[in-house]
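Comments concern the structure below.
Chain lettering (A, B, C and D) follows the sequence in which the chains are written, and residue indices restart at 1 in each chain.
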Amino acid sequence: MDKKILELAHKLQAKTVLRRRDFHQYAEAAWTEFRTASIVAETLEKLGYHVAVGEEVIAAAAMMGVPSAAEIKKEAERAIAQGANPKWVQKMQGGKTGIMATYVFGKPGPTVVLRFDMDANDVLEAAEDSHRPYRENFASINKGIMHACGHDGHTAIGLAVAEILSQIKDELKGSVKMIFQPAEEGVRGAKAMAAKGLVDDADYFLGMHLGFKAKKTGQLACNMKGFLATSKYDALFTGMPAHAGAAPETGKNALLAAAAAVLNLQAISRHSEGVSRINVGVMSAGTGRNVIPPNATIKFETRGLTTKINEYMAGEALRVIQGAALMQGVEVSVFEMGGAAACSNSSKLAQMTEKLAKRLKLFGEIMPECDFGASEDCSYFMERVQHQGGEAAYILVGTDLAAGHHDAHFDFDEAALELAVALISAAAADLLAFKN
Amino acid sequence: MDKKILELAHKLQAKTVLRRRDFHQYAEAAWTEFRTASIVAETLEKLGYHVAVGEEVIAAAAMMGVPSAAEIKKEAERAIAQGANPKWVQKMQGGKTGIMATYVFGKPGPTVVLRFDMDANDVLEAAEDSHRPYRENFASINKGIMHACGHDGHTAIGLAVAEILSQIKDELKGSVKMIFQPAEEGVRGAKAMAAKGLVDDADYFLGMHLGFKAKKTGQLACNMKGFLATSKYDALFTGMPAHAGAAPETGKNALLAAAAAVLNLQAISRHSEGVSRINVGVMSAGTGRNVIPPNATIKFETRGLTTKINEYMAGEALRVIQGAALMQGVEVSVFEMGGAAACSNSSKLAQMTEKLAKRLKLFGEIMPECDFGASEDCSYFMERVQHQGGEAAYILVGTDLAAGHHDAHFDFDEAALELAVALISAAAADLLAFKN
Amino acid sequence: MDKKILELAHKLQAKTVLRRRDFHQYAEAAWTEFRTASIVAETLEKLGYHVAVGEEVIAAAAMMGVPSAAEIKKEAERAIAQGANPKWVQKMQGGKTGIMATYVFGKPGPTVVLRFDMDANDVLEAAEDSHRPYRENFASINKGIMHACGHDGHTAIGLAVAEILSQIKDELKGSVKMIFQPAEEGVRGAKAMAAKGLVDDADYFLGMHLGFKAKKTGQLACNMKGFLATSKYDALFTGMPAHAGAAPETGKNALLAAAAAVLNLQAISRHSEGVSRINVGVMSAGTGRNVIPPNATIKFETRGLTTKINEYMAGEALRVIQGAALMQGVEVSVFEMGGAAACSNSSKLAQMTEKLAKRLKLFGEIMPECDFGASEDCSYFMERVQHQGGEAAYILVGTDLAAGHHDAHFDFDEAALELAVALISAAAADLLAFKN
Amino acid sequence: MDKKILELAHKLQAKTVLRRRDFHQYAEAAWTEFRTASIVAETLEKLGYHVAVGEEVIAAAAMMGVPSAAEIKKEAERAIAQGANPKWVQKMQGGKTGIMATYVFGKPGPTVVLRFDMDANDVLEAAEDSHRPYRENFASINKGIMHACGHDGHTAIGLAVAEILSQIKDELKGSVKMIFQPAEEGVRGAKAMAAKGLVDDADYFLGMHLGFKAKKTGQLACNMKGFLATSKYDALFTGMPAHAGAAPETGKNALLAAAAAVLNLQAISRHSEGVSRINVGVMSAGTGRNVIPPNATIKFETRGLTTKINEYMAGEALRVIQGAALMQGVEVSVFEMGGAAACSNSSKLAQMTEKLAKRLKLFGEIMPECDFGASEDCSYFMERVQHQGGEAAYILVGTDLAAGHHDAHFDFDEAALELAVALISAAAADLLAFKN
């Protein structure tokens, strides 16, 4: 079967590249991936998958960092104008652009979940000849939105894997669930899909990313650990304006409250059980130099090596903010804008994948234990799978990078797409093979 | 009558000086003036006054900045050992060392209240030959307590005035109330006496101070304004200790809460209606370098040109402190340690006193309008008198000063005692004179 | 002569209103008043005044809060497109849009300076029928720029006064200097004109404003005091970005520095000699939630009852900012964006104007002493005139207001224009009258 | 030889216990261990060691946290009164109470250094019958100073080891250096001895502590890692007093500077390479509620998993403090009060000791890898030995504890003394054995 899969991956590669470039050109940001998701849904339906979208796969209450209704409406219209099938867009109302496509094979067997993310970044793509997408005419036409993290590749890989599995379906048992997740950027989307219980019957779960710490085509990292738990918040302080010269005491100074919050947030104690982080990354406040500032917004995040440590940081932070507001007599509202759990790969599944990679001889370098040292909301799925007894892993498929992730010049070596398609298809096949 | 009063004052001067020196030698701090008060009570009783002390004149609930029960007990014993009559000390339990002595004259007429303060300062008196009290052997024998603000003189003046009024009683109508107040230092004592309603029937109220802005013998200031309202608070933050290296996150950092409070207290907005002030004068916190600090204390004060402004400052301050505690998850208790109202002299009474001073020809220089620019809890009495329609004034009787008030080398020209005795006696006599 | 002036003012009123509406429609912001200034220059030249503009009247080094060269260029082109004479625009390069027009009368006599300001506000004018400028088609066509403070009226008044004086020139001696100042908003323009020495030979100086505390047509305030000295600053903190999760210690946190600055700026001590103010009105910082913020900007202002108090506040503020930058190891640049001196009217000139107003019987209500309680950079001229022995005053000419100053619905009663023209012309005529 | 050493340790145990109790009774704090050190010096000299003390073994410039000259003098006199030999006290002038005793054996061989610490804590010993030292009459008679960390035991162990080695000297080669270090509490003493180069020729270095993480008699930890590097600082801010009501702007607020420092110290960024810590443990400031505070002191410490991380923390901290002082225009002086390097045991020596312990069968439980998670200035010696190629280890000898270290009820099971004496003697003998 290895050989068959490798051949199918190779045969599909041209189509995979075209798909990736199409997604790249019509880049769509978090919760507005209407065109991308429509194409995914349509393709998978044609392949015989049972496709669920919208409310069926997204818990509205758990969606984080969602754009305004007006923005979502505008983007849905834009997507239709750019070729999205209105039938699917209609089902994804309110930005519920997630998809789960299921294939139940003939015989009983395990459930394997594969997860891919689809959203682009808030980045203005470089318009220079040195930048291949620009030179070869597949740069984003949606200004200010760019696939600068490779999720266009992830989506294309997912479609190719789905096609391969559908072609070898007679040799498989159990079932496969293909999750295409929106809003990974800002770690906003996975929670709402996990909350729907989509992975609660998973025996195996596999997620993947191109590049990141595997910066060369031919590298592969299976033994991942150190996904930091994280929470993202916006805090809006609302005070009262007043003329700073004539009647300052009648104002309620929201800027001052935010400034006090910032200092005290950064001063939250270290945690003795492991890595913790806090950062107030953005602040804006005030209406004019001579007006007591009636408004202030801070955007911040906490992290922790464990979910417990992150909860400690977030708990402290929320109390600090309440205290800062009280000090100045202003109101404050805190919005959860994103989040991810802490986790590490299940070692058995990681080892199996590593062994498979060696068998397939596709990768020149299998990287040793790799500390992720960052956050990915794939962790919400993984945590849930591991919690109920399943195995979960997240792998990095190496690719030569033109520039770092989130850079306006980001691009990757498309040869890596074929490697990823082959490996993931083979992994699923191994887990679901009838003869195993 | 002027002449008679001037003669009596002159005749009493030697006794007045002796009394002042006796009080100076046995200096007693706020709420522990047991010996001083006992002598005052006994003297006035012998002069025929009706003397009320202790609970009769002090509202326990309104006492501020009271020493611990143990300290008060120790001081009461010390006072008895130094000659206080145990009968009086017994009546002043709990530090209620205030006195009101009343004399009702034969005919109906107005009520005149005269107020003197009795307490000494927490100052270690200079032990140098250049310092007269030391050189002439009447320096304080109570170590660390010193009459460095002239209240020894005020008490002696009050006793002489009481004696003069008792000797001219047949020429007077109405009644006189002599208030001897404890705990003016730290503005802690007047509120508890005013709260008893002692001055609520006053038609006229007169208070006085030696020196201050009238730094030369022969100066007199009657036209006083700008008593700043003030509040004095101690805030005690209580957190939780923890090893700063091994488990910092288990601590609750009281020092950090206090530091945040300090910055935000100082940052309370200016008030457009007039002078405001805030000062955190003292802070102490922590138990050891490597322990998350479980405790912190700050001592602070607010001021305002008007009571309204001071209330704004105090209100903001108390909220800032609650917010700072909340930020660090610590407890905080705030104690009111003192306070004074804002006020200004009633102009009619001030002018009358000025006119009288000119008539008596005792003072070489009558100062023009004088901005007090500080706080005195005499204001609590004055505010209450003015509120119910009476007239109140506070005068400064000039005296040559050896050093500034509250200095370890403070001393004054005792010749001023006679001038004060004569002026105040004459003022009371004018207001109460039968023939007027 | 009174009668003649009143008639001339009345005759000119229709033209004055038209001019005001023209300036209103082509509103121009600080340092870009190219069209307004060109019209003023041309008009005055035609009236026989000697007109100096650009470098002759503006000291480049003392200009504050000047837009970028690109913006100025764009605005100059816009002004020409809107009818400005390129000859004048050429002379006002770099935003030097100030004008001084001088008329030397036949006989020797005193020098009288009259000052008017020309700039509009950064306000988007209301587009509602209830707003007269919109309803009657003279609302600003320069989007986001609006005459919301009445300077359109001031300029029109200045032109009418100039015309009247030119018509009664044979009855006058000495000389008159008409100053048309740019950039009063943000108190940015007067300093650069005063620095040129324009008013150093002034015997009398008169400035004016419509409305403000004189909110009704027919009111007049001549006895002004309490112009607060003020300084306006922008501080730009520049740090170093870093990934907040992966390597926070390699960043230099500019937001944190700015937040610490804010708290400590607000905590600058009150001043015992009089009113002081500080306000950080605007802050913006950071590039993304998960990036150590490499940049922060705060916009703040200080004020003081006297120039000394304002200098204390500004001095403290600048040191606080340096300290805050040092704490975080970031760079900081501080830019002076505006300023005004403290001052009060010369009482003789104020009284003279009041007396004249009564004589002319134009105003129903002469207001008593009026505390300005705000800042105006006219004070730079006034201070300079008073310093060298001249007399200076600033008057408020009342007018019914449709909304407060700086409001998008601001409008005033144009009847007040005639009153102002008559009063100011008569004041100048009185001071310069040959027969006096 | 094992057997001989075990017998000697057993035979010495009674004397070891007596010595421990004697040191306990005459507890001496850091840099004032005159009596303890005199006894050590005298004992070792009698045993035939070459004894160096005072300037020979302490680099004055590297001494940290030294008491005042007056205090040291007083303590030296106290020590002599309590039996210290004045000859030795004389040599230890200025608090240089360290000792190095050397024995050079007959044949060439390696140099082994053994290190013990001698100082007590600033703790008031419990005076309760439940506390054995009190009950059995060996509680500290030096009020406020108590051996609450077991250094009394360490010193007694060192003397016993020295005696054993002297008795088996004919079977040994090379040389042994016994270091008795003052001022381990506050990590103040080792640096000054290491700076003298005392351990620069060491092939092996062994340090030890009773209890700590080995809380039961019979436990032993040899495989120690994670000694946190640390720095201890005092910062003294000096401003200018002023009356908080009358002239606040003339003050320089040291308390405010310290408060700002505290917040910003706690806000120093986490380090991505490992554990970091900061704690401001103590603050005291101000002279009176109504005085702008002219003085403030903070006591703080930084820590890091590596010396590099601690240096980052300390560097940031020192800059924050300079910035805070600059913000308020106050002066600041920073004093280094203590410090320790980061380090871990040399694994070969740790393993050798573990093996030996098993061979001797003295310990019931050899603990696995043990994370120290705290600071010990023994690290200065260890770092220096390891740097020049030697091996260094620090072991924990378990003992039942009556209460935690630094507690007023601290006491330990003296049976552990014999175990420690035997193990350390045997370790030295193994390393120096002639026949090995």
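One rule holds for everything that comes next: a residue touches a chain if its C-beta (ideal position, glycine included) is under 8 Å from a C-beta of that chain, and two chains touch if they have at least 3 such contacts.
Not measured: the values here are computed from a predicted model.
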item	value
From subunit B, the most remote chain by mean C-alpha position	A
A-B or A-D, whichever has more C-beta pairs in contact	A-B
Whole-Å gap separating subunit A and subunit D, where each centre is the average of the chain's CA atoms	51
Distance between the centres, which are taken as Cα means, of subunit B and subunit A, whole angstrom	70
Two or more partner chains touched - positions in subunit D	246, 248, 253, 256, 260, 263-264, 266-267, 269-270, 272, 277, 292, 373
Residues of subunit A touching subunit C in the complex	186, 228, 230, 232, 244-246, 248, 253, 255-256, 258-260, 262-263, 266, 277, 279-293, 296, 299-301, 303, 337, 373-375
Residues of subunit B defined as touching subunit C within the complex	263-264, 266-267, 269-270, 275-277
Subunit B residues within the subunit A interface of the complex	246-249, 251, 253, 256, 260, 263-264, 267, 269-272, 292, 312, 316, 319-320, 322-329
